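First chain written, first letter: the chains are A, B, C and D, and each begins at residue 1.
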Amino acid sequence: MTLLHVQDLALSINGTPILRDIDFSLTAGQVLGIIGESGSGKSLTAFSIMRLLPPGSLVSGRIALDGDDLGARTETQMCELRGNDIAMIFQEPMTALNPVQTIGDQVAETVRIHRQVSRAQARQIAAATLERVELPNDQFPLSRYPHELSGGQRQRVVIAMAIALRPRLLIADEPTTALDVTTQAQILLLLKKLVAQDGMSLILISHDLAVVAHTADTIVIMRQGRVVEAGDTQRVLAEMQHPYTRQLFDASGHVPVRSAMSTGREVLLKVQGVSRDYPTPRKTLLGKPGFFRALERVSFELYRGEKLGLVGESGCGKSTLTRAILGLEACQEGSISIGGDQIAAGQLMPRAVRRKMQVVFQDPYGSFNPRHKVGRLVAEPFYILDQQPRGTARRAAVSAALESVGLTADDASKYIHEFSGGQRQRIAIARALITRPELIVLDEAVSALDVSIRAQILDLLSELSADHELSYLFISHDLTVVRAVTDRILVMKDGVIVEQGTTEAVFQKPQHPYTRELIAAVPVLEPAS
Amino acid sequence: MLRYILKRLVSLAMTLLVASIIVFLVIEVLPGDPASYMLGLNAQPETVMALREELGLNASKPVRYFTWISGLVTGDFGISYTYRTPVAEMIADRAVISLPLAVYALVLSTLIAFPAGIIAATRRGSAADVSIMGFSQLGVAIPNFWFAMILVTVFAINLRWFSAGGFPGWETGFFNGLKALTLPAIALALPQASILARVMRSSLLDTLGEDFVRSARAKGLSVRQTLWRHALRNALIPVLTIIGLQFSFLLAGAIIIENVFFLPGLGRLIFQGISQRDLIVVESVVMLLVFAVVVVTFLVDVAYAVADPRLRSR
Amino acid sequence: MLRHRNLVIGAVLALAFLLAAVVSLFWTPFDVAEIDIANKLKKPGDSIYLFGTDHFGRDILSMIMVGARTSIAVALVAVGIGMLFGVPLGLAAASRHGGVLDELIMRTNDLVFAFPALLIAVMITAVFGPSAINAIIAIGIFNIPVFARLTRGAALSVWQRDFILAARVAGKTATRISLEHILPNLLNLLIVQGTIQFSLGILAEAGLSYVGLGAQPPTPSWGRMLAESQTMISFAPHLALFPGFAIVLTVLGLNLFGDGLRDYFDPRIRRGSR
Amino acid sequence: RTDIVVGMQLEPPNLDPTAAAAAAIDEVVYANVFEGLTRFASDGSVIPALAKSWEISEDGLAYTFTLQSGVMFHDGSVFDANDVKFSLDRARADDSTNAQKQLFAGITDVVVVDPATVTLTLEKPNGALLFNLAWGDAIVLSPDSFDKAKTAPVGTGPFIFSKWVQGDRIELSRNTAYWGEPAKLDKATFKFISEPTAAFAALMAGDVDAFPVFPAPENLAQFDADPRFTVVVGSTEGETILSTNNKQPPFDNKLVRQALAHAIDRKAIVDGAMFGFGTPIGTHFAPHHPAYVDLTANSSYDPEKSRALLKEAGFTEGFSTTLKLPPPSYARRGGEIIAAQLRAVGIDAEISNLEWAQWLEQVFRGKDFGLTIVSHTEPMDIGIYAKPDYYFQYDNTGFQALITDLEAEADPARRTEMMQQAQQMISDDYVNGYLFQLAKTGVANADIVGLWENSPTQANDLTAVHWK
């Protein structure tokens, strides 16, 4: 029985066409996955169903819920529908909740809008719903404020708000993108459970094929505002009629061609018992400020030519370690030595040591000063050299660096906003390479990129490491990627390295329970048999 | 929260202490002497000396600072040089005009600004929005003393609806007092209302763009319900700061308006005190205004924390 | 074009007054210093005086032109002072975020803010006597914390960006980073705020002159023209109307211009770049 | 109606005329609340007040006053010679804070003869003693209540102080037990309105019934045209002069001062600054005084001559100086006009506007000025030219001798002659620029009668005021 039927949906905003020819339908009690790159129109498709479009939108086509044309409904009638029959949850759990209202009130509100119930009854329903999303009332009373919860817990509250009235259709727009792998797995599990329990239909939107493939009965693949392929999940993955589907699929599980595992045993970076404390606010007025230990006696070695991975959940201390290694912050205990130069705790790193390292950051938008031209941005690391190349030498170096990452020398005279995210990350790599450092730290360098672009950058990295004999420390929360590009990995939890070993060994035979948990949570995409 | 309040209180006290020293030093270097001002052109030097002695002006500066500040702390503001009445009384007499005026103006400004800001934000781009924003631009640009002059000309001299100024005293009836403060309050409120309406609008627009507003809509709340139940309270937080700033501004900024309407308020007391070199009065009033600003800022911060649970846990 | 309506209207108004000020350097219809009691209080359009004459028989149009110069000069220099001191202080505070210097700068800011602006002006002019210079200083002092606070706040968020880390990896010092990376990213904001402070400066100058604490005669000033015309408003309203409109239009123009600039710079509104 | 609201521009700092110089004090209490032995009449003559009569000894060194009988202070205590002695001794004392202490300088002793008689003995004859005793600073206070005079004055006058709302108004009520002719009004309120615009509006709106010294001459024409009001223009004792620092070069050169005098167009100043109110003067003397000599021709407006004189003095290129102006509008407006007139002959006078306190400090006591404009409102004050350290620093021994003689002279005819001689002398020396006699420009409801037309001293004597 078809619950939702979308036919010839088209949308334009202020005259710009955004969506065209969207057709799909969803059977009651089933899960529909919508997949596509950023900007492909997934969210706007969902908003069209909810009729929560930005001002200036013009929709055409037919959206029918249980055969009832939603387009014929008035706004008031839509309000009755929203939250009651169709509910929606959003990507960002951090901002999807009203910061000044308790979670109980926010969940109860859904009930009170649609049902004539007393305040107490509404709260009872809210409490029960929160229990259903695995937020037990004794630990998470209704009086909590959103800021007192973690990201995963907030996402549960958002889900509770949506399912409080057991809607027939739930639309989840990238519900797990902002969450850790383990949390993501839990939330997906929860959603599946709720679908099964309530006989609810679910539209699960994601840019990650793997996430959807496991959960959805049918999938819709979107690109540039159109549906490129749709149908039964098994069938679509088996046939991959549209080249774009294939491309997405390949990119998701992309394993770059790798140079042979390095065999050198020369230690390039040696981290010994490093601890890092952040002061926390005083508890009492005159009391001593407390400390939060972000790194606890971290020790490891990185050999020359090696690609070392560092994985762990958000907040476990990965970036803190990066900053310590780069010498941006002194640590409280232990020592770091690079290429034989040792820096003890509390010491600042001398320039001579610093220049052996470079870094690539996660956010391709934030890592460049938008006011400078690319040439100047790429040449910035020269500053650390005693003899900075000038004039033509400098320009030549910049050109060479840009060309090595697949850009052209002309790009040096452009501003950063003229480049796409993937191109920016290439520029970041060019910047990291320009001084020919011995070690490159890649802090979540591909996490913000779309799968296909991520694949290109991973290929580029592996090419470069072959050409330049790079040693790098690859930091990520994405185990699939780490597995694909590293020789050896470190697993970190709460500032402690809980496990290390060659990548394959760790993935095959994880020793630490946490590592096992992590690996189990990774959604894997296997071609349908 | 408590820690936060305590910390703020300590910094408040420090600010006041430093401010008191600055105020004292600045006012002490004012050229001109209260005694010779009082005695006029024909006074003989020894007469001036005798008066200085009587007024306690011959004591050393640290001693006088200490006497003054310790008096302030205990609520004894000293005796005015020229009027020879307790400064605290004088200030109290003036404050019953300045304070209600500031509150009146603030209420007016809020009553105008809130609906205007809300309408402008919710109907962004509409004719209502454009005209509200246009008026607010004008409101900010009009100097309030000029506006006051026009108000007097129109409503007092031509229409005779209000008296041109002066204050009959609260003892003649609350309504009379309020009426006398109406034109000045309007003159003061107009620019403030314009600013507030703009802040309200932009804050509300920001809030309306937040995810949680979208969540609320997804629950089935109508646009209006979302506005009242979710957006406004969040949007009010930055608006509060502005209201706090405006109150202190209105208290002191009324100096010019008090002149136009010859209201015997604190602002006029300062001017009068300066011109008569009644230093102790000037020092005390300035300190009082500084105190008001600092305390209001503090209260706004506390209100902030009350309005925003995220700050409460600090 | 419609999107930049504010910018255009604002620029036209502001430029008109700037032009009046500049022209007045070389030419005014009449000499503003010359007093001609016989021709006093002429109505606008009456005889050769376009805007009429004041109680001393001076040409009001000429006085408005020269007054524009006074206003603009005072406000400009005051904003300059505010920026000259405020921006470096804000940058320094941000670069030492959480440190003693930061604390010191911010507390000093709070201290200045604790004094109502007009009070500072009244006290300064009471000590040093009324003059345009002292008005500039008084307005300027109050601009310092405005810019310091704004700069610090914005600089702090720029310091959070990854490109700052990249510069630190390149071994650049905090000062260098502040100048090379932070400052250029604050320029838009500073220009917008500068415009707004400039318009506030014009209002402040008018207010100070109105209470007699601004530019001294014979230098014409809009605020003083208003103050002097007050008693004559009932029989010669043009004396108050022209300078009043001059203030309103200039301030309005500058505010619209500032708002327009803000919209223009706002990445959310501007398309093309992120 | 038996009540009146009188507008005043300045609020008195306190109500004790013996404790401060502010004119506003006298404007409220003089002749209304407080009385002295003698007093000024509305025409400026000195008439008996608490002293019914007096006798002067042959040598002019002893004055014996017979006091009014049946006089009571407002608190019910009886007035007698002891109060007179107390008041005068207090004003003369070493630690006295009386602003006009010099009025009592020659008094060596005050003797109570009997409760109704008191004798003052002098060091040397003083023709001005009765005049001096008429000043507000010489009023009689009782030893029981003198210390309350600043805030709750207790006097012997026809009105009793009843209430002071600071910053706004002072209220007086009729003294039913007054010893003399009782006041006609039951109640009088002095309302303080410093802004001229507000004063205008308050009169127009009827909030104020009379404004004896209306601060904005530009509005008088409107009042005059309005049948509801009468405009009373009288004279004051205020000689408004362009005071010149006689010790500061180039003003130590008489030619320069003369050039200054000829550069000034008095008519333009009176028209421009005072909207026509004010009598041009050519010397430091009140035109309504019988001994006045019109010397305006001595310093007629003649820019040509002025330039020639400057050239003669060696200032072909002119020079620059300072023009420091106190707050009253006659000074501020007059200053702007004078600066423009001086500019026309090549003198660049840089205006700086000062508050009174600064003016006192810089100009009056510091003598740090080139030019200033001020109205000397004390009656009969040509004697200031005999004080070489007075702020304009005119030092002429001939003139000083003349004034010493004048003080000792009792013969009216001789006195007139000497006064005229003095007027001529300072005019010929061009000590200061003599501008105009300040007019007393009052506005009142047309139904009020009995307000003073002239202002021989700063007072609002309400004794005879009543409604038609």
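Going forward, a contact is a pair of C-beta atoms (placed from the backbone, for glycine too) under 8 Å apart; a residue touches a chain by one contact, two chains touch by 3 or more.
Note that this is a predicted model, so its numbers are computed, not measured.
J.: Counting contact pairs per chain pair, which pair wins?
T.: Pair with the most C-beta pairs in contact: B-D.
J.: Need the CA-centroid distance for the pair subunit C / subunit D, whole Å please.
T.: Whole-Å distance between the two chain centres: 45.
J.: If you average the CA atoms of subunit B and of subunit D, how far apart do the two points sit, in angstrom?
T.: Each chain reduced to its C-alpha mean, subunit B and subunit D end up 40 Å apart.
J.: Just curious, how far off is subunit B from subunit A if you go by their C-alpha centres, in Å?
T.: 49
J.: How many angstrom lie between the CA centroids of subunit B and subunit C, rounded to a whole number?
T.: Centre separation, subunit B to subunit C: 22 Å.
J.: Of all the residues in subunit A, which ones touch at least 2 other chains?
T.: In subunit A, no residue touches at least two other chains, as defined above.
J.: Specify, in ascending order, the residues of subunit D that touch 2 or more different other chains.
T.: 195, 197, 200, 355, 358
J.: Two-or-more-chain contact residues of subunit C, please, as numbers and ranges.
T.: 126, 230, 233-234
J.: Which of the chains touch, listed as pairs?
T.: So the chains that touch one another pair up as A-B, A-C, B-C, B-D, C-D.
J.: Can you list the subunit A residues touching subunit B in their complex?
T.: Going by the criterion above, the answer is residues 50, 52, 75-76, 79-84, 87-90, 92, 95-101, 109-110, 113-114, 145, 147-148, 158, 161-162, 281-282, 284-285.
J.: Quick one: which bits of subunit B touch subunit D in the complex? Just the residue numbers, please.
T.: Listed in rising order, the residues are 30-34, 36-44, 46-47, 50-51, 53-54, 82-85, 90, 93-94, 149, 152, 156-157, 160, 163-167, 169, 259-262, 264-265, 268-269, 272, 274-278.
J.: Looking at the complex, which residues from subunit D come into contact with subunit C?
T.: 195-197, 200, 216, 218-219, 221-222, 268, 271-272, 332-333, 335-337, 339-341, 343, 351-355, 358
J.: Can you check the complex and tell me which residues of subunit C touch subunit A?
T.: 161-163, 165-172, 180-181, 184-185, 187, 272-274
J.: State the interface residues of subunit C toward subunit D in the complex, per the touch definition above.
T.: Residues 33-35, 37, 40, 55-57, 126, 129-131, 212, 216-218, 230-235.
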